[in-house]
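In what follows, structures are represented as structure tokens.
You will see two complexes here that share subunit A, one where it goes with subunit B and one where it goes with subunit C.
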Partner chain A sequence: MGAVAGHSDEVVSITQARVGATGGALRWSLGLGVLGLLATAVFYFAGGPSQHATVLAGYLVAFVYWLGIAVTATIWNAIFHASAAKWMVVLRRVLEGIGASLPVFVLLFLPILLGMSTLFPWARPSSAMSAEELELLTHKAPYLNVPWFLIRAAIYFAVWLLVSDRLRRWSLKQDEVGGLEPTRHMRRLGAGSLPFLALTITFAGFDWLMSVDPFWISTIFGVYYFAGSFLSCMSLVAVVIALNQGNTTGLGGAVTRHHLYNVGKLMLAFTAFWTYCAFSQFMLIWIANIPEEAAWYVVRMKGGWAGVGIFLIVANFFIPFFTLLSRELKFRPRALAVVALWLMGVHYVDIYWLIMPALFPAGAQPHLAHLAALVGVGGVAVATALWRAKGHFAIPVKDPNLSYSLRYTQA
Partner chain B sequence: MSTGTAPQGRTYVLGQFPTGAALVKACRQVREKGFTDVDTHSPYPLHGGDEALGLKRSVVPKVALAGALTGMFGGMAMMVWMNGINWPMNVGGRPPISPLSYIPITFETTVLLTSLSIFFGLLIMMRLPQPYHAVFELEAFRSAVTDGFWLSVAQAPGSDGKEAVRELESVGATQVSVVKESLE
Partner chain C sequence: MSEVSLAQIEKDTVATMSETTWRYWLALGIALSLVALGGWAWSVALRQGLGITGLNEPVMWGALITTFVFFIGVSHSGTLVSAILFFTRSPLRAAIGRSAEAMTVFTIMTAGLYPIVHIGRSWLFFFVLPYPNQRQLWMNFRSPLTWDVFAITSYVTVSMLFLYMGMLPDLALLARQVKSWRRPLYRVLSLGFSGTDGEWRIFEKAYPIFAGVVIPLAVSVHSVVSWDFAMTVMPGWHSAIFAPYFVAGAIFSGIAVAVLLLSGLRRGYHLERYITPKHFDMLAKLLLAMSLVMTFVYATEFFMAFYRGSKAEMEVFRWRATGTYAPVFWGVVISNSVAPLALFWSRARNHLPTLITISVLVTVGMWFERFLFIVTTLARSFVSQNWGNYIPSWKESFICLGGFGWFLMLFLIFIKLFPCMAISESMQSQHAVDAAVTPEASHA
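Presenting the complex of A and B:
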């Protein structure tokens, strides 16, 4: 950690560092990713039709898990631009880097398109459904139909790719030409894109997560998905900081304990935000106790899933919240990274708990393919991010607020 | 002659500095020279000011936590007693003691007592309200609330403050004044 960034010679050494030595990490993540995806495919094709649902659902969980982190990295970045935040300039490349993995998710989305009829009951109304359920699906058909689903997916990806790419491109351009023009562009787009980013991730949550159970609705569901992803994204930033600690000429040399402290505070705040969203959704449905709403929670509170729900309350709120209350912990990169990895792990369980009960109401049926898909999608996404970061500066070297950010201290 | 030694107020040496950074730097230097009762006065919080003053970590977080826990358990206990024991009521078929439905109010009482304990805790710790302080004796000191950066060095009652005046001048104060605390 660069304790004194004020010395001119140290600033020079920091600003000359480009991301280059990621060769090992890039190879490893790409190797693991390809291996994971291949293993998932093998499980799908070798397992026979009986395995299709569980493998595909596991893939969907992994996909929305990593995609949420990549999209919310762009949202964090847009928010920081919109609020003209100066402290986080040294961390901006990390957010831009995570967001730069988004293009690969277009490819990774294909298996979900191909498996639509297995994953989403509305895509294959069957005679096994009750008359009431079929009536509900007919009622929802103007929204939940295949062509419109595809168009919406295209819109989501278009918005995400456009915003993340523009923000990143202007930022990289500033590294070369300097000046205030890129900053002005980034701030304008950052602020202007927020409503679109918010709507697209909300509706993506509806489409790809909530509609695995098309008979249930919750208006806050998109926010719930966003909240967990947003928290995991900031946790990933904490992990990246910890991994870069030894790298004193790059990110590790620029990020101080004061930046880390802010990252920890944001993790604490969004732990509470996740809980707030989760409880808001649960409480209204629980207290109204209307069958068509409550059914979703009944599945998740009875039988094999009850334990998972309780685990989420304890593991995603009580443990991280009271751990992150400690000020000293938020100054220590390794300790914060441990909490961050914990939160990212629990977020996976959270997504799993949202999707899987729709297909397996009796309880969780862990499958090796679920792990393979998690590693596969994650590995490929990380590899994409590292590959695209290669050769660029680890911090925005000509940002007008960089010197402020390097010297940033807590009052 | 000996009309009795009337109790004397403390002597305060006040120095103004051109910038916040200069104030923080001067504060550190003055404390290194052995002056102990030093305080900074600025229109806004200064980065590094706490360290320069050698302040220990504030106890406000602990006060806040105490308020939060009181509000949390107190709020929950209040509703359990009122809705469940003192006047049991059937609302929507829920049991009289139904902790889940108490959570929103528990959250509110937690926030309320947290903020109140911070507010009153700060008042007590800062010894506010404080209608009089020796630094108010100096008219120029009023700029501390608009654009002035001031350092005050408190000296023992009866001191002429010469030593502190020299010290403040040597660390770059643009103007230095000596005021005496009035005990009336």
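Presenting the complex of A and C:
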């Protein structure tokens, strides 16, 4: 953690640091990632059809979990550009870095593509379904069909890759040429891309999460998925800050407790936002009690899942919200990182809780493959981000607002 | 702005209270005429009953409830914008925060009238309050309509306190400066605030608490209003996204009204030095962002109507876009979703007539948007034998127009009695404004 970077020689040492010595971290994350993915594959091929479903569902959970964080990093970045935020310039590389992991998710999408008929009931209407269900699926077929699903996935990835890549490229270009031109481009793109980012993330939520139960709908579902991912992404930023705390150069030297405080405030705000979405969805469905909607919650309020639901309320709202209210905590990198890790963990449980009851109505059936998939997808994503960050500056060294950001203090 | 002296700020603000131009009288005259018109129409409704409105089976909620929802919506962005600008330490707050907060208080005071008009026997309005009574009769605590009563009364209380508290230092200042019948008024209202270090320390501690409380309150109030609709199982109303959708719509309409009020104030009192293009640029950007959110929700709702597969729901949405109210629907799409897109261009944002035109469109558009979703659902719900259209009667429309006059009247009286800009805060943020306006990259 840098003190206030006032002295010019200190600024020089901060602005000359490139991301280099990530060799260890890169090797570790890549190793763990590959190992995790291999283990997932072994679990898949070693078991019978029921194990296929378990492993694939676990993989889907891990995939949408990490993907959500990577996409929302781009959304955060676009929002900061659109609102011309200056305080966060020193943190921009972190967001760009997380977003830079997106290309690997195209590859990681393949298992889901291949396992579609296992994961999504609409892809294999069976005779076990009731007449009403089949009729409903026929009605939804113009949207829920395999080719259109794939085209949509391609559109989502195209938007995410394009936006994250363009934003990152302009930012890196600014490191070379400096000046206002790249800033102007990034702000324009940031503002202009937000509608598309919002549409794609919500519809990805509908497609990849909600359609696991094709008979259920909630208009807020996409926003709910976004809210959780958005929160986890900011939490990851807090973790990255804490990991860089020892360095006096680069990110560690540039980020002060004042930036950290803002990160903490955003975490607090979006903890409340997640809860707001969750409550809106639950309360309306519970109180209206229409069978077509309530069924989704009935499964999640019975048996083993009831405990998970209560856990989510306590762990994703009460604990982090009241902890984050503390002003002192938000100034302390380690303490904030602990809360951040907690939130990221709970977000995984949240995604798990969204997907798994469709397969296991009786209760959670944790499987080692779920952990393997989580580590696998995460490891590969982190490795990609680190690999792409290598050799670049840890902060945007020629950003016109950098000096403001370095000296940023809470009023 | 840097050449403005502190004495000048004070002088200009006091001028808004003491100098009364023909523009002011004109605006007040319009407001009072509307109030008179609305008051007369309401008196007819009180004497003859709600039969004078267009309300009838199956559409029992119409223009009056629309106006209620609309004004609650407008009230939101006032406090919300002011409190958020406070927490983001924005130097833009000093000039516009006060008017925004006043707008909030007066719009809730207007909104609150409409359910009272709508219940018909308005003199029994106190039935909505839980008080011990011999009949052992209580309201339905599970009804969001009851929650509304609590939410709105808490909101109006806290908003007033927030407005009043922010005004304390200014009132103390005025009590020392102004010499007229106003002096005793300010002296009493300033509660003896004399500007000592100790008082400021307490003030600066207390104010953020109010600002912090008012944000969740604002969000919760409009969420509860949305649940008046969403908690039913009606097609087109029962939708989980309704709460954030209402809050977004509220901020959207509120910003549009704030633009109109501020441009009026600026013109009427030559406040060009304080309410600057930068303020309007910020409001325009917010308006654009909210417009996009609204478009997003409209699209989601239509998609979900199909995806849900409920025939009643699909019919409501199909009919909304193609049926009797189709012109209203497309008008709303143009005013709320298409017109604000012009604000993507900085030239439109910085051209005040364009911004005002868009704000008028959005204000009118948001009223009709609320009207549309309330009426189309009731007119086209599950049973086709129970379908029927609704057109507000003339007298009903007058009552609604009266609300606009009532709000304008309250606001106009307010700016005569109290400073419409935060004087002390303007002084504090003088340096901050200078710093914020100059950096090269801020205009990119």
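Assume the second predicted complex is superposed on the first by the 411 of 411 C-alpha atoms of A that agree within 3 Å, B and C clash if a C-alpha of one lies under 4 Å from a C-alpha of the other, contacts with A are read in each partner's own complex, and residues count from 1 in each chain.
Heads up, the rule we're going with is that a residue touches a chain if its C-beta (ideal position, glycine included) is under 8 Å from a C-beta of that chain, and two chains touch if they have at least 3 such contacts.
As the structure is a prediction and not an experimental result, all values here were calculated from the model.
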item: Overlay on subunit A: subunit C relative to subunit B, clash or fit; value: clash
item: Touched partner set for A:T409, first subunit B, second subunit C, both or neither; value: first
item: Contacts of A:A53 with subunit B and subunit C, given as first, second, both or neither; value: neither
item: Which of subunit B and subunit C A:L172 touches, first, second, both or neither; value: neither
item: Partner chain in contact with A:I287 - subunit B first, subunit C second, else both or neither; value: both
item: First (subunit B), second (subunit C), both or neither touched by A:V298; value: neither
item: More subunit A residues in contact [subunit B versus subunit C]; value: C
item: Contacts of A:V338 with subunit B and subunit C, given as first, second, both or neither; value: neither
item: Stretch of subunit C, among 45-53, 315-323, 333-341 or 423-431, that runs into subunit B once the two complexes are superposed; value: 423-431
item: Subunit C-contacting residues of subunit A that also contact subunit B; value: 283, 287, 411
item: List of subunit C residues in touch with subunit A within their complex; value: 89, 216, 219, 223, 227, 230-233, 238-244, 285, 289, 292, 295-296, 299-301, 304, 306-310, 344, 439-442, 444
item: Subunit A to subunit B touching residues, read off their complex; value: 279, 283, 286-287, 289, 325, 327, 409-411
item: Contacting residues of subunit B [partner subunit A, same complex]; value: 45-50, 57, 61, 65, 92-94, 100-101, 103-104
item: In the complex, subunit A residues that touch subunit C; value: 82-84, 86, 136, 139-140, 143, 180, 183-184, 187, 191-192, 194-195, 198-199, 202, 206, 217-223, 272, 276-277, 280-281, 283-285, 287-288, 290, 292, 400-401, 404, 411
